[in-house]
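Pasting the structures here.
Shared chain: subunit A. Partners: subunit B in the first complex, subunit C in the second.
Moving on to the complex of A and B:
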C-alpha cells in the first residue's frame, strides 16, 4: 500500500484530466504533493473515454497500465486514485480563466461551474434518471462516480428528482463560482480535439448523417452506447454492411493542419479490425495516401490485411447520397490508375487532431512556444521535451497528437522533473 | 415559346469507374486458398515486385497491379490478361517481396485457372501444339551448326514418339485438342 505523506505544501495545478493529466496528478499526489486537477468537462478521462478499445493493448480505455503500486480492478487505477487520494483536489466543470504571478508563485483564476450534483453523496441509484432526461450517467465506470445534470434539458421531473434523491445529492440552484489559487507549478495536459470537418465540402460531413468521424464511429461501436455496440447507420439505425474510411482529412493539408495527426492511421485500422472481425459480414474499405502505422503498430495494418480489409491508395473523387441512405462513392486508385465505384452505408473520416479550445490563450498568457498550435518545449535542443517554461510543464497530446503510452511516459517525466526541482 | 433547347447534363464522370459490386469477391479467396496464395493478402502494394521485374516496363498491368486486381476481385481482367503468360518466371519479384507474397507462383496459379476456362493465348496453344506434334519444343533446324562442330546431323538416339503419346494424354493434349 502507498503511504501518503504531505512532504511539500506548494500545490501543482494540472490542467486537463485526460490520460496525461490523471497520470501526472495521481503520481504527484502519491509522492505527497498537493495537486489541483481541473477539467472543463463533468467527468474525467478526456478523449480516452470515447475510444471503446484503446490501442496498443486493445483494453478498455480505462485500464491502460498506470501505477503498479495502486490496487484496483486489473490495471485500472484511476478509480481508487480519485476516490481515495486526499492530495488530489479534483475540480470538474472548471476552467482556468487567467494565470498571473511569477514562476513558482502563479495565481490561477478558476471558473468553477455550478456543482449541481455532489459526487460524494451520489450513489448512482438511477432515481433521478427515471424522473428526468436532464440527468444521465455517461458511463458505468465514469469518474467521479456520479450522474451528471444538463440544465438545458431541465423539466418538472428534475425538481421531483431533487426532492426525492435519497442522499440529497442534487442541488438545482447551484451557481457558478470563481476562485483564485496559488500554485508553484503548472502542468498543461489539455490534450487534443478531433476536428469536425464541416468545411471540407467534398465529404459532406455535417450535411449527410451517415458521414461520421472516427471518434463518432468509436462511440457507435461502444457496447455501452445507444446501439449496444451494433454497427448501425446514424440516419435510420439500419445495419451497416459496407463501410468506407478515408485517411488524412484535414491532416497533412496546408489548408487545415500541415502536420500528420500521427495516431489516426492506427485507430482507423483498430476500428476496421473490430468491424471486420467482430461485426459479422461487414466489408471495410480504407482510402489512404500513406498508411503510417509507425513503430510496433504495424501489426494493426497486417491484421487488417489478413482480415480482408480493402485498401485503396488514392482519394475520394465523388460522393453522392442515395435515397435509401447509402452513399455512392467514386474513388481514384492511384496504384491501378483506375476509378472505382463503391456503395457504402457508412463513410468515416479520419479527421485531423487539432489543439483544443483555449490553447492559443494559454500559450499566450504563459509566453510559451507554440508548435503548430500545440505547446512546444521551452528549449528545442534540450532533452527535456516536457519543460514548456520555468515551472510550466506539458505532457500528453497537449504537445501534439500522442498515443496513450506516450502520454503516460511524458506525464511521468513531468512528475520526475517536478520532484527533482523540489529536492 | 421555347427559350432554349433542353440539353442533357454532362456525365458526372468522364471515365466509367469500375463497379466494385460487379467484381468477384470469391476470386481473392479462391487464390488465397491455393497453396501459393497463403500470403496474398499480406500485399501492401509497395510495388517492389514491379521494381524487380526485368520485363514489366512493357506491361500494361504491372505485377503489383495484378496482385491488387486479384485482391479487388477483378477475375476476368486478371485471367484474360496477357501478362500472366508473359511472365518469365525468374522469381525476382517473389525473392524480393518484403511480405513474402509468392508473386510468381500466384501468377502460375492464375495461368492454370485461365487454362481451365479456355483462356489461353494463341501463342501458348501454338507451343503446346509443337509439343504434341513434335514431342519437343526446339527442333534442330540449323544442322549446319552441328556440322561445324563435327556432329552428325540428327541427334543420336532421339526418340520423341513416347513424349508425343504421353503429352496427348495430359492437359497439354487437351489444350491442343480443344474440348476433347
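Moving on to the complex of A and C:
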C-alpha cells in the first residue's frame, strides 16, 4: 500500500506545450498534481501561436482558458503566467530522449538545451535587444514572456547585454544538460507538423517563392507580422491581387498520406474569407476534391461563396512561374470537364498535417497503437480516444489532425481520466 | 474611514523606463491618499516581492503598485503573498510601462499621465475592502439527463471522481442511438459491443442510480442547490431530486423528411432513413419493408435536410461515415449488392477516409449529384438522379432508398432551457460557453452539456466530451466543498426593488428572483413580490448587474460605484481645455490585452489619454460616462471585446454599447456633442484597433474644443447652438 502512495505522488510528464499540453498541464496543476511540461522549442503555444485568427471563433488564436485559479472564461496568452503556476515545472528547449520503466513508474530521460535566459528573471525591458541582434522577443504574446537568445548570432553586444541586464537573467555560457525524472503518467501532446511539400514537384514549393503553405499564409496575414497584415508576395513584397489555393496536398493521396487532414478545408476557407472580405480587391480561387466543412464550419463555405470566392472542383495540372513573379496555372474542372487557365500572384498549398518528428520512436518505445503515424487508442472497442496505454494518455493533434476546441476537450478528458485513476 | 491611505510602490523596471521618477515621487508624496512612496528598481523580483509583503503589513493591505502590466505581475505577486500568508485582495495596480512609458515619446507627458493614473488608483484603493476565502458545502451529487453513450460515460466519470449520480433516461432502455449501430467506424465493432463494458460497469456501480422511462419537467435553483422535477411513466405524481449540478446529455434526433415530397419518405415503405437502416442491420433483418424480399440494389442519398436553408443550414458531419459504415455492413451480408451513394461532397475526417476508400474498392458507387425524384410504378421504386460529373440524368429501380437525414437537436431542449438557463444555438442545439476553449460548459454555472445535444458527434468524440464535462463539474463543485475568494457582486437586499434587470441580463444567469412569501398581508401595497438574490461565490464579477441596477443595490465588492467615481474624479484632477483629456475605460479582457500588446510593440499614441480598467465593458454605466465628462474629460471611450466574443459568456459588451448609445442621447438632449463618447471593439491579434480608436477620440477632443464643463456653461444649452 505504501508503495502505491509514493507512486501516485509522482509527477505527470506532459510532452508538448501546445494547446493540448498546456491545457492538460494547467488543469492538472489546478488539482494539485505536479506536472513536468516539456517542449522542444524555446517558447510554448505550439502551432496555435502562428495561426493569427483561429476558427471557430475567428478571434486570436492565442487565447488561454480561465479556470478556478484564473477566473474568467479566457485570457490572452501572454497572461497565462505559465512560469508562475504552482505545480508546473516548465522545461523549454527540452526533448524527451528515452522512456523506460513500467506504467505508473516511468523513467524519462530529458535532454535540456542550454538555458541562456532565465525566463523568470527576464523583465522584457529591451536592453539586450538594443545591445545585440542575438536577442529577440519572438512575439509580443510569447510565453514565457522573455527574450530568446540565438548563439549563432552572438557578438560583442551580447556580452555587454549579459553584464548590463538589470536582473542578471542572461548566461551566455549556459550548457546543455541531461536529467532523468520519474513520473507516474505520461501525456502525449506532441501535436502535428504541417508537411513541407518539397517533394511534390508539380507545385514548385521550396523553389518558387510565391508558393506557400496555409500556415505560411497565416503568417503573412498576421498584423503582428513583417508586412503588418498586408497580403504581399514573398518574392518582392508586391501587393497580391489573385490567390489560388489547392486542397489535399499530400492528404488523401496514397503516395503521401492516405488520410484526410480534416481541418485544412476550414482554415483554407477562413483564410479565403479574410482575404476576400478584409484585404481589398483580392480574388481567391479554391481548387478542391470535396469541401469538408463539417458541422457548423459549413458557415465558412457559405460565407466564402457569398463573398465571391471561386471554387473549382478538380486538380491543378500545371504550374509555371512567369518572369514578373506571377504564376500561370492550368486546372482541370471536373464539373465542366474543361481545362481552365489562371494567372495568380500567390499559390497556397493546403498541405497535409503529419505526425511530428519523433512520433514513431515514441509510439514504439511505449508500445502504443499507431493511427497513420499518430497515436491511436489503447482499446479500440471502448472508443476511448485519450487513453493510449496504461498510464499513458494522448490529446490534441497527437491523436490526428484536431481543431483547437477538440484539443482542449481531449486535454480535459485526459485530466479527468488521470484524476479518476487516482481516486 | 479611519485609515484609507495607501502605500505607493513605483517600479523603474530595472531603471529602463523613461519616466521622471523624482517628479513622480514628489507629486505622489503630496497626494492626500498616499501614505508613503517607494521607488523600487525591480518589483517583480524576490527583493521587490518582499517589499510588497512588508508594505502590506505596514498599511493594512492597502498598497498601490505602479509597474508593468498587472496581467503578468499580479499572478506572481498573488502566489508570493499566498505562500507568505498574506492577503493580496486589496492590492491595486497602475500600468506605467505598457500604458505609459513605452507608448509615449515625450517623457514629461508620460510622467504626467502616470502621476494622474496613480492618483486615480489611490482613490480606488481608498474605498477597497479586504476579501476573504469563503467556504460553502454542497451535496456531492450530480444529475445526468440522457442515458446514451455520453450520459453513461459522464455518469461513470463522475462516479469515479467521487460523486453520487442520478442518471435519467426517457426510454425504457439505456444506450441511445449507439446501441442500434451495426458498426462504428473506425473500430469495426457494433454499438452494442462498444456499450457492453460501460453498461456492465453501470450495473455494478452502487453510486449511480439509473431511472428509466423518466422525464425531467423543469429545474429550480442554482449550482449547489438545484431541484429537478420529474415524472416517471405510469406514475402521475411529479417527484423531485436535490442535486448540485446537471449534465445535459440528451443526444440528438434524426430528421424525418416526411415534408420533402421528392423522397416519398413516409409514403413508400422502402424509403428509409439511414438510422432506420442501421436498426434493421443491427437486428440482422435486412429486407424490403414493403414485401420482406431480399435487398440487392440500394440508393443512398446524402445531405437530406442538411446543408439546406429550409431545414438545417449546416453539415450534419456524421452521415457520410454512417452511410459508408452501413454500405460495408450490407456488402458483408450481400456481397453482390449494388450500392449507389448520391452526394454533394463526401466528408469523412482523418482515417475515415480509408474506410471510404475501402468501400469504393468493394464496389460502392459514389455519384456526385442530386436526386430529382422518387416514385412508384409497377410495384417498383423508381429513382431519377442527376450526375453532375457526367452532366447526365439516370433512372434506377432500387430495393431500398436510404436517406442520410439531418442530425437535429433532441425534443425538449428549448423547454428545459427556460429553467436550466443555458443558451440555444441558432440550430437549436445547446450553446457552448465559448466555442474555442469551453465547449463542455454552458452559460449557466453548474450545467454542462455533452455529446450530441451540443453538436453532431462521433462516438469517440461524445465519450471524450463526457469525460471532459465531468472534469468541468468537478472543477466547479470541488467534491462538494466549494472554496474561493468571494470576488464579485454583492446584493444589498434592502435596496432591491425587484426590477429583475440583473436576473435578465446577467451573462451567467447567476441572480435568482426569489418570491417573497413571508411578507405580511398588510404591506400588500408596497411589497415587492420578488427580490433578487446573488450568490457572490457563483458570480463571474463582470459588473453588468451593477451598471444596470437602478438603485445601486448590487455592486462589485472590488469596484463599488463610489470607488470608480472617486477614481474618475482623481484621475481627471486638473483636466481642462488647455490639454484636452481622453478618458478610456477598458475591459480587463480583450481590451487590456490589446492595449498591453500595443505597449509591448511600443506603438505610439497621444499621451493626453487616461486609462481606467473595469472588469468588463458592461460594468461602465451611463453615470460613469457622464461623471467622466463632469470631471473634465473632453472625450470618453470604452474599449470592449469584439461582438459575440464576450469573455463572460454573454453580452457584457452589448450592454456597454447600450450604455454608450443612451449616454450619447442624453448628451445630445442636454446640448452636448454626442460624439464625445464612443465605444470600440478590439482583440490583441489586431493591436492597431486600439491605436486607431484612441487617435480618433483624441482628435475629437481637440476638434470639439472645450466642453460646457470647461466653459462653466454646462446645462446652459451652449454646445449644440454654437
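In this section, the second predicted complex is superposed on the first by the 396 of 423 C-alpha atoms of A that agree within 3 Å, B and C clash if a C-alpha of one lies under 4 Å from a C-alpha of the other, contacts with A are read in each partner's own complex, and residues count from 1 in each chain.
In this section, a contact is a pair of C-beta atoms (placed from the backbone, for glycine too) under 8 Å apart; a residue touches a chain by one contact, two chains touch by 3 or more.
Small disclaimer: the values here were computed from a predicted structure and weren't measured.
A.B. asks: For A:343 in the superposed arrangement: first (subunit B), second (subunit C), both or neither?
C.D. replies: The answer is first: A:343 touches subunit B but not subunit C.
A.B. asks: Does the superposition put A:311 against subunit B (first), subunit C (second), both, or neither?
C.D. replies: The answer is first: A:311 touches subunit B but not subunit C.
A.B. asks: Once the shared chain is lined up, is A:291 touching subunit B (first), subunit C (second), both, or neither of them?
C.D. replies: Both partners, subunit B and subunit C.
A.B. asks: Which holds for A:259: it touches subunit B only (first), subunit C only (second), both, or neither?
C.D. replies: The second partner, subunit C, only.
A.B. asks: Using the touch criterion from the header, give the chain among subunit B and subunit C with more contacted residues in subunit A.
C.D. replies: Partner touching more subunit A residues in the overlay: C.
A.B. asks: Once the shared chain is lined up, is A:223 touching subunit B (first), subunit C (second), both, or neither of them?
C.D. replies: The second partner, subunit C, only.
A.B. asks: On the A-aligned overlay, A:335 touches which partner chain: subunit B = first, subunit C = second, or both, or neither?
C.D. replies: It touches subunit B and subunit C both.
A.B. asks: Once the shared chain is lined up, is A:302 touching subunit B (first), subunit C (second), both, or neither of them?
C.D. replies: Both: A:302 reaches subunit B and subunit C.
A.B. asks: Let me test your reading of the model: by the given contact rule, A:11 touches which partner, first (subunit B), second (subunit C), both or neither?
C.D. replies: neither
A.B. asks: By the touch definition above, which subunit A residues appear in both interfaces, subunit B in one complex and subunit C in the other?
C.D. replies: 291, 302, 335
A.B. asks: Name, in rising order, each residue of subunit C that touches subunit A in their complex.
C.D. replies: Within the complex, subunit C contacts subunit A at residues 13-16, 41-42, 44-45, 68, 71-72, 75-76, 79, 149, 157, 160-162, 184, 187-189, 193-194, 197-198, 307, 313-317, 345-354, 357, 388-389, 391, 425, 427, 433-440, 455-456, 459-461, 463-465, 467-468, 470-472, 474-475, 478, 484, 487, 540-541, 589-590, 593, 596-597, 600-601, 642, 645, 647-649, 683-688.
A.B. asks: Considering the complex alone, what residue numbers of subunit B touch subunit A?
C.D. replies: Residues in contact with subunit A: 12-13, 15-21, 28, 41-45, 47, 64-65, 68-69, 71-72.
A.B. asks: Which positions of subunit A touch subunit C when the two form their complex?
C.D. replies: Contacts found on subunit A: 27, 30, 52-54, 56-57, 59-65, 67-68, 70-76, 78-79, 81, 84-86, 121, 123-127, 137, 140-141, 145, 165-167, 222-224, 229, 252, 258-262, 290-299, 302, 334-335, 337, 371-372, 377, 380-386, 400-401, 404-406, 408-410, 412-413, 415-417, 419-420, 423.
A.B. asks: Give every residue of subunit A touching subunit B within the complex, in rising order.
C.D. replies: Counting only subunit A, the residues touching subunit B are 291, 301-302, 305-306, 308, 310-311, 313, 317-318, 330, 333, 335-336, 338-343.
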